[in-house]
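Next up is a structure, given as structure tokens.
So that you can tell them apart, the chains are marked A, B, C, D, E, F and G in the order they are listed, and the count of residues begins at 1 in each.
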């Protein structure tokens, strides 16, 4: 039950993007399409979960004081792993996410830092926490990606919904990212209030 | 070969960087008392400033740093919240009596005839800086609702019929914002009594009786009748005005009966048993001080009995 | 090109209906209420009590401090009571009620109209006389004149400027006074110059009073020390800082007094009062009041005893019109609306303006469209729209750093705002609050 | 006394100016140019203008009424004005659904998201216009041929587009000159372009009316056009083969419309004349930069939006000169 | 000339915040004070240049020769994270009062995101050292421009009544969006 | 803009040398919920030493710390701009002398060492430059 | 302490090295695959690819890479040319263009570009739209068809609202054709394996 709560909090109550407003750069940068958003989100989730697991596994070995440096190293290592794997097996996605893959490091340091502090957590809850944050992040990215893709090019996950001529190009470009996210957050705020 | 380079260079960079980071972590021990977070979580998170701090987090920091909690109180969370904070910090909570805002003016449109009409910016502060007000009573409510604007908790509303603000007891957290906002000093934070019952002099008019009575039919005229009848010495007289000390008042309601102008208000009491020769005053047209009449489905009946 | 001040200013319709109405003496009222605070500074202390008999010109309240002024009885009769009553400020104030019986003057006062030109030029004697006579500025601010005449150590007056601008629409009291009492005003001016030890005086008059300019020019034709300066018609030229700028080109620094640029400004009415005090021993007990308005049947200028209830003036001007919506003590730009017609004329009352219903109500205010008109017209170079917003939101430090204290409350901003925003309402509020903060900081 | 006296703080008199009057005067000033575009483009111009005005007012009403839950204030004329200016900034042949999206963005995003009239930091009509330009580049850059033209073509190019094309293709200005309309044509508006921008003369007529009625002061338009003239003139002197003479830039594209009617939007422009000078300088410089070096043939919309962004900064740093103040 | 093109491109056309989406968090989160925004620009410039030089040297002298480019991410982030902190430590040790003064005036925010992003972009664009430094400076200026503009706009927003749901981040994002839209006008300039 | 920056602080320590005031965080991060999990957050405890003050203060008292904006820019100059300018100068010189990039870069970094050393020598001067005022919070 | 850190980095380094060696081939392969697929999609049926070679265009600039394709009987069926233009709306555009031996364009593939989504990014579909002969370039021979946009007097219609991209695209095609024509005889030159350009490309 507790784990369940732990898990769901990232989706709504403590969604890193809508509520905590963290990791805005990839949120805006990679969401020109739903697939990109999802891909980025899952990559982040993978790194976060793995890093959390490893950190909590080694928490007794690593002294408290070098926790942060080690955490950075571990996260960076996993990001590199993801980078390599993607490059090998998902070259197209890798290409479109571009710069933002390495930036997962920064993001995960941000998202995961609480974990580094809360050394009290066991492996399972760390993993759950990571997954929760990561999936919440993915959810937000996918939502934004879908909206932008739909408004911008009339597609959803690459499937045509209405003819391309009716797409509002702006939404796949930089300004559209800001504007769409702005109204999305406003909407979520509104829903959360009720 | 690459793998050797990898290991060597990465270990070198990594270790160097990590050592620096380690030193940094030492030097700048991000000296975040984890209890601050805990305390913050225990707080309501209204960020209203009612506690006197910049926000809930600032308050949490002060709680953690303080040696005792006697000067620290979150009016929004109230005692429960402070006990929680005290638990986290292993300190004694200082229990404060819950309070609620009370508007001490009773002169609605029907009781206080207008002598002129105001046409400036709709703000009590502006009106007060200009003159004494739209009615003959220079102490009374100006009805522009600065208090309503000041309240972050949606706890005070203007009654369009009387033109007087009304506090919704359940929502009011006694943050005091309205007290500061009122240029006529009409609002007071009074001790909360069981079932939200209250008795108070709903008037601030310091004019002599005749003058006061002329400008407002429900003004306190300073006749001292309540003062004499109070068995608990809870009432003091000053400047032609009676004041009921909430700490001493035992809610016996003797004064209410005595007041010739109905300046004393009783709220949330069960209906009085109609005394044979004392029929209740015709329809409660004077005092309509209701505690959230629309929403509170509480058992405490909203009743306003002005009995002679 | 006529001289004027440089930044800002507006030109409301002048409506000077009573410009050609000679000053009439108003009949004595039946009773008067004389507030003890008719000036800036500490209220005076009442010297009489219920039942006392008083004569015209008798001192009835003593100055309550350095910045304060004596109050004299304007009528003869019996003191009815010393009590609170609402005056033009809108709040009840302490004052002396006197029932009028006859018109018996103090013996020392010379009551005839003969012009006396010679005077004792000793500064101290003059200032003492002015002080004793309870003279305050009649231009509106009612600042005790004797204080003005004693510049603080370290500053030296170089010139006197007599303010005959009367830039407020409708009002004509100063105008009439200059026409009818030009010689007296000039003597008063010379007395003030002597008191200050300066040998140059300017009389600034707006060009819509050509007859007054002509009259005074004629009287000073042979005199080089007093110069008549015609000014372009622009509100608020009468504001002392604007007037100094217009006449001399000097700019009083923000937060400083006129004396910082060597100027002392007095109203023409004040100059006349000084003449009467010094030459005729007559304290400040009466003044000229314009009673006017679009639907007033007889717009007039009256010489009125201080303490006379406003409704007697209105009656003398033909009674309160049917369509009255608002009664203002003072002019339409800076005057105060009064709630009751029982309030008395005081030393600072320059006019009673009666506005008909259709002009009395404001239009509903809209959002600020940032058109910048308020900024353009502000004679102090402020940003009224901003000051209003920060005052409304109680951002006092911002208000202070944006110079809210420099506002002279001229009302040009509210007058001109196309969105009908109550700019000055809030600025005045903010000014009060910021003033408090500054004072508490000094302590 | 039976009637209550009114009490209000001073001043007790007020000019007869009002927001509504200002807005309606600007609308009136735009009427000649509107008539001209109806003459040039026929009923399409009427369709686009009406649609834009109705959509702007409609969206304003709906959003204020149902989303912001306040009293709709569409009668103040600002929404109508936004509609007209939006219509003036699009080709007359624009599909109806696009202009409706433009109106929604202009009013919804550009204006009401900030709380309505007076609060928006950016010019709403331009927010709508630039949104459309970027979103629907094809439709927004297909200029219809005037109904009086003797040709079979349906679309044509604006003088600025012809110029840009030519310069990009490396042709010297002298060769391009005869492809471009004459200054007289430019002045009275016998050219292709957005609905309202084509007739410089009629726009100037409106300017004169607004000056007369004191709706705006001369500063912003004159500074903007002056800057364009000076900067382009400098470039022209530097290299007359690559850069065209400056008057061409004053009379083409949205220079007049932008400088007179859009840069002057008081809500989004600085308060003081000093500030307005800096603001106008920025608009002029950016316009010339974009027109000569950027991807777009026309840049004044962007320039105005960018300088709108600078306006709060300008307002903070270029305060009016305080009476008795130091500076 | 090349340098000028780099600067125009990074400041206006491909503004780091408005079109590259780097350093958004501080952009949204930091400061309504314009002077603080200006101050932060100065701090960011130094840190960015420093980090760019160091990462450049690492790339060219360690990663490239040994053909271990894939270690870019991990080594850069380590270097950047420690470098940024190192500067602070040194300042604190060297002149405590100076350090304190900076603390009072600037929020000491280390925008790892922007720094890492710029470092990687520099390498991707195949600049030489001097160009890299210019690129870093230009990006810092671009960041500063966006920040200062935004600080001004935010001050404007402070004083107006924003509809409830849009207050705070949403309206900030919308403003950023419109700014980004306006900045698109510069496209094609370089 | 007002030439002053103010912060609220709490007195942490009193000593003969001066008062140490901890500054309560007011940047946007202070009210952010995610602060605990964010490296970017401006949440280091900032302390300021005050040497000149009037009146009596006690530990735990809340005060306003006031500094001039011009001081801030001075701090910025010495803390960040000077080293930046030095870096750039060295780089420009080495490039124009055709020294290899690697060495040039290292030299540029190395210049910071003497710079900081000089800064270290001037630390007492700095102390005087960066004085703050405090006032009790009303 | 330092030791722990050292250990952490050491382990990470080892793991990374390991993963790298695992994925190295896959990465190479996927790159190669992408290239081969591109070639396959633009050339007529072929059996084998010959050695690729490089040649610089006549007007100078970076050299182009040529991939000859042969059928079972070792007859040349076409050559894929990797070409580029630096004048795209956002700089570099890289194409692979296939030519039949007679010079007719058999197909093309956009490899790399940063053009605006929805505008310049339409190039892939635009010039191969068989239903619109005025914009289609497949099956045309640059010898006989003027590969300029019609606005500049050529015979190909530009992408709507994206003349710049179209110009750049056609410039790359022309460059490929010209270089191809000049270098065909030199087919025997030393074959050099092309090194892949660093893959980059941020979204936006």
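Following the convention adopted for this analysis, contacts are C-beta pairs under 8 Å (C-beta built on N, C-alpha and C of every residue); 3 or more make two chains touch, one makes a residue touch a chain.
On a predicted model such as this, the values are computed, not experimentally measured, just so you know.
By the document's definition of touch, common neighbours of subunit C and subunit D comprise B, E. Fewest steps needed to get from subunit B to subunit G, stepping only to touching chains, is 1. Ranking all chains by how far their C-alpha centres lie from the centre of subunit A, first place goes to C. Judged by contacting C-beta pairs, the busier of the interfaces A-B and D-E is D-E.
Distance between subunit A and subunit F, defined via averaged C-alpha coordinates, is recorded as 34 Å.
Between subunit B and subunit C, the centres computed from C-alpha atoms are 44 Å apart. Centres computed as Cα averages put subunit F at a distance of 53 Å from subunit G. If each chain is reduced to the centroid of its CA atoms, subunit A and subunit G end up 33 Å from each other. Residue positions of subunit C touching 2 or more other chains, listed in rising order: 90, 336, 339-340, 360-362, 422, 425, 428. Looking at subunit A, one finds that residues 21-22, 29, 65-66, 69-70, 72-73, 76-77, 80, 84, 99, 106, 109, 117, 167, 169-170, 173-175, 179 touch two or more other chains.
Residue positions 2, 6, 10, 13-14, 17-19, 21-22, 28, 115-116, 119-121, 126, 130-131 of subunit B each touch two or more of the other chains.
Listing the residues of subunit E that touch subunit C in their complex gives 159.
Remark: subunit B residues 14, 17-19, 21-22, 25-26, 34 touch subunit A in the complex.
Contacts from subunit E toward subunit D in the complex involve residues 34, 148-149, 151-153, 155-157, 160-163, 166, 171, 174-175, 178-179, 181-189.
Residues of subunit F touching subunit E in their complex: 1, 5, 7, 23, 27-29, 32, 39-42, 44, 46-49, 65, 67, 69, 71-81, 83-84, 87-88, 91-92, 95, 101-102, 104-106, 108-109, 116-117, 119-120, 122-123, 126-127, 129-130, 132.
Interface residues of subunit G, counted against subunit B in their complex, comprise 1-2, 5-6, 8-10, 12-14, 16-18, 20-21.
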